[in-house]
Amino acid sequence: MSKKSNFLAVCLRGSGQVFFMENQVTGAFFLAAIAYASYVSTQWAIAIGAVVGLVVATLTANWLQCDQKSIDAGLFGFNGILVGVALPTFVADSAALWFLLVFGAAASTVITSAVASTLTKTWAIPGSTGPFVLTGWLLAACAYSFGGLELISEKPELGTDYLQGLVTIPSAPELLEIFFRNIAQVFLLGSAISGVLVLIGIFMASVPAGIAAALGSLIAMVVAIGMKANPIEVSQGLYGFSPVLTAIAVGVVFLQPSWRVAVYAGLATVVTVFVQGALDIIMLPDGLPSFTAPYVLTMYLFIAPKKMMAPHPHSHIQSDHLLEKS
Amino acid sequence: MSKKSNFLAVCLRGSGQVFFMENQVTGAFFLAAIAYASYVSTQWAIAIGAVVGLVVATLTANWLQCDQKSIDAGLFGFNGILVGVALPTFVADSAALWFLLVFGAAASTVITSAVASTLTKTWAIPGSTGPFVLTGWLLAACAYSFGGLELISEKPELGTDYLQGLVTIPSAPELLEIFFRNIAQVFLLGSAISGVLVLIGIFMASVPAGIAAALGSLIAMVVAIGMKANPIEVSQGLYGFSPVLTAIAVGVVFLQPSWRVAVYAGLATVVTVFVQGALDIIMLPDGLPSFTAPYVLTMYLFIAPKKMMAPHPHSHIQSDHLLEKS
Amino acid sequence: MSKKSNFLAVCLRGSGQVFFMENQVTGAFFLAAIAYASYVSTQWAIAIGAVVGLVVATLTANWLQCDQKSIDAGLFGFNGILVGVALPTFVADSAALWFLLVFGAAASTVITSAVASTLTKTWAIPGSTGPFVLTGWLLAACAYSFGGLELISEKPELGTDYLQGLVTIPSAPELLEIFFRNIAQVFLLGSAISGVLVLIGIFMASVPAGIAAALGSLIAMVVAIGMKANPIEVSQGLYGFSPVLTAIAVGVVFLQPSWRVAVYAGLATVVTVFVQGALDIIMLPDGLPSFTAPYVLTMYLFIAPKKMMAPHPHSHIQSDHLLEKS
């Protein structure tokens, strides 16, 4: 295989890894989903940003001589593609945007490596999209500080009875759209068709992961509507994308599937909906989106617990504290 | 002993562990303190929430097959009881409240286990009420997001000369009330009588812990009034509950008592008053209470230092950094 | 050498360590820079605070019997001196200020020790000025809570065409002033002359560190002006002090210098400018300055990555999770 096609394969796998799938075809479907949403919204900067972010993050990992097997598996690309999608979603096209995007994608690789050397090394906690969340927050926040960057105000697409508060439960067609938007929004895409493409891509790589994604989307929809979350946000799929990731990560990818793990993943998925509601509020004063932070926080907390590890008893610590008598 | 009565004992110990006491009688006194405050304020949801949180958190630990000795000691119950007290204090009674409370109490057990597997395992830092603080923040914040949950506005009880700013030092009877409220507020209770019950409970399990609690309350009162903190908050005991926990934790429970440890605990207790003032401000934009975070942060920082651990010298790091020449 | 002169030497090294230099003459130059700025602004509390913070932090390390070699190297003094400079910069002179400053400087030593026992011990991440940032945030925040502490409103010195927005690029003399203020602001000083003194001090201890400081200041200036950051803040040197520290730390101090490390340090320096812009926004709702947090965060992330550490693959974790089948 030529080096060039090899790099292409690595990038496609990096795309697929956003949903934990080391699969080039899946990655291609995800890129198609992004391209479709860019086409519909005519915001081509998002699709171009995705490719630039993916390429820069992967090249940076090569330059830093990060673990080659991980680079080849696409594990240094998926945070970069998300940075590349997120930035043009919130910041208007300009030279400064692309300058920021290139440095941000490179930084996402350093942060991925930092998380691997700390949380993963010591506690076996997968970094997942945590580096994207941190990079995304810093980039989005600094867009407020620099006159060279212009923030795009979010314009939610409204218009249905559900959104206008006339009915409390969305209609069946709306529920179907929400179901797929919950999946598309992992890539910050509001298009249900993109969600269909993403879900097909997941199923092509792993049937259990596809089922977990579907169940995660369903659970999120039921809990968010039942708790009367903001209908506009529910309708856009903003209450669903983190729970979808949690359902796959906890239920299929990082733990050995079993009935107990399924119940555990169900608990984690419901908790993610609450954490979504919480982080939306907590990030509000800073004017920052929560990105996939609800998934990242919940997943970290649910993957961290280890067998045999007891909480510290309420008695003297047995390590040599500074003030312990020697 | 029958399994049922055994479970009751475990739950009572879980109640006692809020003040580090593995003692059923102490736990019963604490529940009585909660019940009394619920009776006075007619907010029975708080007492019921305490029991539900305690039971759910303990059952979750059983289901997750957490360390049995720790479960029996009540170490998986005390964060649950605090979640159960805190949520109905801030959110009005409704079906959605109880749904949230049950999932929140279950999550507090997962988080307790996550902290044990990370901070405690690697650095011998006790998790203590850290899991409650994190769970409480997420649950309180998400109450703003969901229409199904109605926030209760805080109504501080006012009325004395001290509170009205006519005098700068509270009168002796007021000082006595503050002294006991500082202790009761660990359970988010504003009743001085509840504080008396809690302090009796502590003394029944450990005289040194009782003395530390009393001294912690005194120090907090003097520093808060001396620094001219908001008299309403001082009067309600809101400047005292975290320092009380710090005094017991650092001075008696986690370090071997000695004169040097007593001075160290005194420093930690004063610092906790400052951190209380700081976190009240830092949490303000998010509209979240600081819960026991001032205690948790201060205690983590004062328990973490280990003998022989030097700060990294300002010279090349001796571990294999990514960019080190091989 | 008498004990007294020895303590003086330790304190002077503590001053020098703010820029990673274990050098008494350098430390003396830094104190002169602080004294000069205090003289110009007639805010003598800042110079006195520096000395008090330095002495209290060092004495606390002695009392806690921290690692003697580190104490002698000044590694427990440099966070204390920064606390001592920062507090009187933001809080007006009063008895309560000095009470807070003494306890804050003592706490900075405990926090330095806590960071050494956690981040440094487990991940070889140098604590650097992280303890100052945490202490500074807590002290500055609690100044809002206590009536005994009065906050000083920041009065930026304005007046040039650049600041008034008539021109987009500062004039040559202004650029020179910014170049030196970028260095002086590490000590929260707005005086270009102080920056000259600091830079001389650095060069006396280490020529490579001096060059890195100069390049860091230049890069920060170009990026901040190019991205159109707030001209007032750029002019005061507020966009430059963290990048200066990053350039020295990543390029010279903590990694073995090489061409690849130089490029890496350049990337880190540019990223620090973005993080500066980000943290200014993120800290805004809390009304807190970001201090050296942009440097601390960036440096931690760029020093953490270790060779051979791969991100966790997207497959079952191989450690004994609570729910793993036994």
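The letters A, B and C name the chains in turn, as written, and every chain counts its residues from 1.
As a working rule, contacts are C-beta pairs under 8 Å (C-beta built on N, C-alpha and C of every residue); 3 or more make two chains touch, one makes a residue touch a chain.
It should be emphasised that the depicted structure is a prediction, and the values quoted were computed from it without experimental measurement.
J.: If you take the chains that touch chain A and keep only those that also touch chain C, what is left?
T.: Looking at chain C and chain A together, the chains touching each of them are B.
J.: At the place where copies chain A and chain B touch, is the share of residue numbers found on both sides over half (same) or under half (different)?
T.: different
J.: With centres defined as the mean C-alpha position, give me the chain A-chain B separation in Å.
T.: Here chain A and chain B have centroids separated by 33 Å.
J.: Which chain A residues sit where two or more other chains touch them?
T.: 64-66, 113, 122, 125, 264, 285, 305-308, 322-323, in rising order.
J.: Contact residues on chain B for chain C in the complex?
T.: Chain B reaches chain C through residues 64-66, 113, 122-123, 125, 226-230, 264, 267, 270-271, 274-282, 284-285, 300-302, 304-326.
J.: Enumerate the contact residues on chain C facing chain B in the complex.
T.: Residues 17, 20-22, 64-67, 69-70, 73, 75-76, 96, 99-100, 103-104, 106-107, 110-118, 120-122, 124-127, 137-142, 144-149, 253-256, 258, 260-261, 264, 285-288, 303, 305-308, 322-323 of chain C touch chain B in their complex.
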